[in-house]
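Common to both upcoming complexes is chain A, partnered first by chain B, then by chain C.
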Partner chain A sequence: MMNKKVSYKLPRNLLVLFELMALLLLFIYDKDNLDKLTIIYGITLIFIVYISNFILLRISTGDSYIFLIVTMLISIGVIMIYRIDPLLGIKQVLWIGMGIIIFFITYFFFKKIKGWEEWIWLYGISSIILFIMTLLLGTRTKGSINWITIGRFGFQPSEIIKILAIFLISSYYANYEKYKEKKYGPYYLMGIMYIFIMFLFLQRDLGAVLIFYSLFLALQFIYEENRKLVLYNLLIFIVSGTLGYFIFPHVKIRFETWLNPWKYIDNKGYQITQSLFAIAEGGFFGTGIGLGYPDFIPEVHTDFIFSAICEEMGIFTGIGIIMLFLILVYRGFKIAIKQEIKFYRIVALGISILFGIQSFIIFGGVLKMIPLTGITIPFVSYGGSSMLSSFIALGILQVASEELDFEVEKDG
Partner chain B sequence: MDKELKRIITVLVGICILFVSLVAYLSYFQVFKAESIKMNSYNKRLWINEEKILRGSIIDRDGKILAYSEKEGETYKRIYNYGSLYSHIIGYSYREYGKVGLELEYNNALLNISDSTPLNELKNIVIPNTEGNTLKLTIDHHIQEYARNLLKGKKGSIVAMNPKTGEMYAMVSLPDFNPSALKENWSNIVEDENSPFLNRATSGLYTPGSTFKVITAVAAIEKTDLDREYECKGSTKIDGYVLKDYNSKAHGKLSLEEALVKSCNTYFAEKGVLIGKEKLGEVTERFMINKKIPFDLPTAKSTFPYKDNIGKTDIAAASIGQGKVLVTPLNMALVASSVANKGEMVKPILVKEIISPEGKVIRQSQPQTISRGADIFTANEVKNMMVEGVKRGTSKNASIKNIRVAGKTGTAENPSGKAHAWFIGFAPADDPQIAVAVVLEEEGSTGGQAAAPIARNIMIEAINTIK
Partner chain C sequence: MYNIFSLIFKYVFIVIIYLFILSIIRLIYLDIKGIDTAPLDDSSYLKLVNKKDTLPFKVKEYYHLADEAYLGRGKDNEIMIKDPYISKKHLRIVKDEGDYYLEDLNSANGTYLNGDKIMDVAQLKNGDRIRIGQVEFLYVGRE
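Then we have the complex of A and B:
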């Protein structure tokens, strides 16, 4: 027991040290328009992160690393966002605060309520309602319709639907035996998922299409007993991807700018080439906070935050972030394997895969390793919807990491 | 292990592979691609330094200013004093069109940007530099201008250099363009089928014609068991392919010296086959053909693909500088230099010194041998043959009163139908001060008639004016 406490304390303190040093650098860089409030926000951030790590260790008997990893990620993210735009940085601190509160709320809520695996229709119907709302009320940003604005606040329904979809898939496979009996039972899930993907495609949110699809395929691969369906799924993706390339110009553009962005450097390829310049300029150690020019990249605070981090903190930090995500995914899988209740196990897998795939798609995109689709890095990019939904997912994962003693049939 | 666990682990391994490939790609990108991507002219970071730092001047060997920058409002303006005269040496530096030439290759020196080490960066933050270094070239402005005037109206290239130190006195490539009027002429220059942007001196690949016989002669001397006598009948048949001398003239009984003096094709073709492709290939590579010539500007590789499966006719053609051999004018100037400099080929130099804003010489180029073309005796023997060639052979038009000149002409057949006129040589033969290569593209005349007189004038001018 003693041993355990010490081993958690050390990384927590190191995290505080990292934050202190980074904030110091940041304040030196921004010394001309530094005010008391900013310093207070900085100290608040360190405080929230430290305290929440501390509290979590007391109340949760589950995994204590995932939250630590996430707080490291948000620290790097918010420091970079503040450096790009102090105003957004302060907003991001508020989002983080709200995110952590949501995390704890989700944690208690999800733990207290039982019977999640029974509400498959609720997940399906509310998702579709959200989708329809997006199409009707949504505003178009960056070519895709994926935002709803209510009053002063905008949010991205697809962020919530991601979690609903994980619940839906999990409920389906948790009750697999029941659905298998029914006529066309095995095709229910596939039908619903393709409706989701179709909606996303209508919104022109190709990044989300890719995330939903990979998530579905991975979980289907693990749990589907009818292996032919997995194969069909894969085939449908390849065929529709190829068709999409020829039919829809916006899909084609993504591919062309991926293959040779230098040709379109003035227009379509501008963003990605600016991102490559930034990463190239950073080298292994980076230019130092405040000494690079990440603001040359449009949308740098959301989709391209990774390039900004690589420019000013070096690709060593970039690799560090990639590794943090890898550890987060690994911990998530470990949680899933240890979890005895099937529903929670699948939910844990789904969330881990979601974090993994989403971060991979955007890392690969800004590096020009795969075609670019504009999505956020969970916990790192600027943005309220993304931050809150990621923390909800993390709260659920935290519950799944505990040994739960529900009155449900255990298997495995 | 049950099925579910196995599959879970498969998915985990899949995700791990994705992430590891990200790390691998990022590292690969940084190590191999970052440098060239950074230099892209669309990278605005390159121009940020530009706006803060006064770009250094470029001066000739006597200190004459060729290019400089001056303040214009908030930014600096680059001024090229001599229009198109230095377009292929200095190049240009514009925000819209990027950089080429020395402006590109020496960008960091001109802006006084040190290599990016943490210490240098720290230094730069504390004391930001505001003025770049000056580049002092080896070019002699007078010779450069003189050489360009001789070539005016033609296509081709002239390279004039010091054979002992490698300093380039003049490097002309025509057609050229005016870096000061790039904006007005951009589309014309880009679309011009004569490619004015091509630096023919360093990157133009030409059939060398008979100038290549200098190299074949070195190989012939080194091949000690070769019979150097030959009876020339004006044409010969190799592997069923008929090879003729210029105007099918029979030269009669020939030694190696007579053959080079009279530039006998059948002699060198026959002997080339006897020398064999391995030996000939080895000698040409010592003269930096098939090799990358280290230089201050990008260079194209001259080629002689002797390792490919080539037949006797190809070897015969190569021995007289036809067929599969392609060379750059810079390379041929180096061949002449090598013969002049006792067989040693020196590294060509364009930037003599880098001078700091305080007037301190930061870097000075030193003569450096890059290859040994031939040993001192062979070089001497070939030199004497080249001197005879100028005295009484095809290179007569290059002779200078009271000075012993060594030279070799070339008239290179090529697919365009009009021959390239070549001349390579150096003077004075006993104490070489200047080596030249002249090529007139698609001139349709012989090297002796068209190229030799130009080379002669440059050699005279250089010997008389360069200190």
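Then we have the complex of A and C:
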């Protein structure tokens, strides 16, 4: 027992040490335009992260690793963002603070309220309302309409819809017996998911299409009893992928730059080649923070943060991030296996798959392993909506990791 | 000056990140080791083999068999399963001269051994499947 307590402390202290050293380094780096507020923000963040890790161990009987892993990912990300652009870095610190608060709110809220599996219509309808709002009020950035701007703040509804979609699929499969009885019952879910995907196609948000599709396929593959549906879905996936290649010039460019970016190095292949240069430049140990040139890559603070990290902190840190995601996804699967209530189990599985797929798509993309699709790395990239929705997902995962014993004690 | 700092720190960062990952993996390893897995001693046991994904009552993965074990819904059984299709005292597994025997205690829904309903007593062989209520067990006998 004693041994266990000590070893819980070790990763937590390592995290604080890492953050303090990084803070020191960044302040030396940026000493010319440093004000008091920045220092306060930095120290507050470290404090919040430490305290939340500490509190969580007390209040939650569930998994105590996922939050720890996530805070490490966040620290690496925010260091890099601050180095690229101090202003964005400070904003990111604020987002993280809000994210952690939202994590705890979600944790209590989701734990307190019961009967989530009954509200399938609510999830479906609110998703569709959000989609329609995006189409009507959305502003077009980089070829896709996925932002709603209200006043000074913009947010991406598709980040919230991801979680709603997981809830929708989970409540469908948790009540599978009921829907199976109905006529065309098995096709309901497919219909709704295809409506979602159609909306995303209309927004030209191809990264989100890929995420939704793979999430749906994965959960359907696990829980669908009618195996033919899985096959249909795969066929539609392949056909629509091929069609997309010919219809959207957007997709075609992505494929061409994936196969040979060097031919288009001066225009459409510029981003990916710069990313490859940056990773190669870094080598095993990197150039050191502040000594590389990650600014050469367009969109380096969101989609391409991984390349910047590889350049300045070395490919070892890059592998470290991938390993952290591996452990996170592994923990998610373990939580799903241990959870006894079906709805929570599917939700846990969905969230782990979401984290896994999202990181796979973007890591593969920036390393030129798969065609590039611009999405954010959960917890690492700059971005308010991405950060908040990832923290909501994490809060739900934390609840799912606990032994929830309502509805179990029924004496027969 | 800053360059030297940065050069030193990059190695330290990598070391810290890997130490962090290793310490978490170590914790997870300890966690996994703590889970009750297959029994390592020589006793015979029942292993749950269920086709249903979730059951509305608690069933353990393994049940060790002593010389005599009662299975049923009531609290005084060695193996208690709160399945409504299982009787209060459902069956008895008893050891006699090294062999295990399965005896149905006039249960309402019966006990099935490899798919056949048993009437009174049957001898258990390694690999037999015992189905009661909504659950199915695999009998693993060790000599």
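Worth pointing out:
Quick note on the criterion: the second predicted complex is superposed on the first by the 405 of 412 C-alpha atoms of A that agree within 3 Å, B and C clash if a C-alpha of one lies under 4 Å from a C-alpha of the other, contacts with A are read in each partner's own complex, and residues count from 1 in each chain.
By our rule, contacts are C-beta pairs under 8 Å (C-beta built on N, C-alpha and C of every residue); 3 or more make two chains touch, one makes a residue touch a chain.
The model shown is predicted, which means the values in this text are computed figures rather than measured ones.
In the model built by aligning both structures on chain A, chain B fits alongside chain C without clashing.
Touch criterion not met for A:V380: it reaches neither chain B nor chain C. One geometric descriptor of the composite model is the angle centred on chain A: between the Cα centres of chain B and chain C it reads 110 degrees, in steps of 10.
Using the contact criterion defined above for the overlaid structures, shared-chain residue A:F277 touches chain B, although it does not reach chain C. Once chain A of one complex is fitted onto chain A of the other, the partner contacts of A:F325 are limited to chain B, with no touch recorded for chain C. After overlaying the two complexes on the shared chain, residue contacts for A:G290 are found with chain C alone; chain B is out of touch. By the touch criterion defined above, A:F363 reaches chain B but does not reach chain C. Contact with neither chain B nor chain C is seen for A:V49 once the two complexes are overlaid on the shared chain.
Of all C-alpha pairs linking chain B and chain C after the chain A fit, the shortest spans 5 Å. With the contact threshold set out at the top, residues 285, 287-288, 291, 323, 330, 412 of chain A are in contact with chain B in one structure and with chain C in the other.
Within the complex formed with chain C, the chain A residues making contact are 4, 7-8, 10-11, 14-15, 17-18, 21-22, 25, 28-29, 65, 68-69, 72, 76, 285-291, 312-314, 316-317, 320, 323-324, 327, 330-331, 340-342, 345, 407-408, 410-412. Interface of chain C with chain A (complex): residues 2-3, 5-7, 9-14, 16-21, 23-28, 30, 53-54, 56-58, 73, 82-84.
Chain contact summary for the complex, chain A toward chain B: residues 218, 221-223, 262, 265, 273, 276-277, 279-281, 283-285, 287-288, 291, 293, 296, 310, 315, 318-319, 322-323, 325-326, 329-330, 333, 336-337, 349, 353, 356-357, 360, 363-364, 367, 369, 412. Residues 2, 4-5, 7-8, 10-12, 14-16, 18-19, 21-23, 25-27, 29-30, 33-35, 37-38, 40, 42-45, 48, 116, 118, 121, 125 of chain B are the ones that touch chain A when the two sit in their complex.
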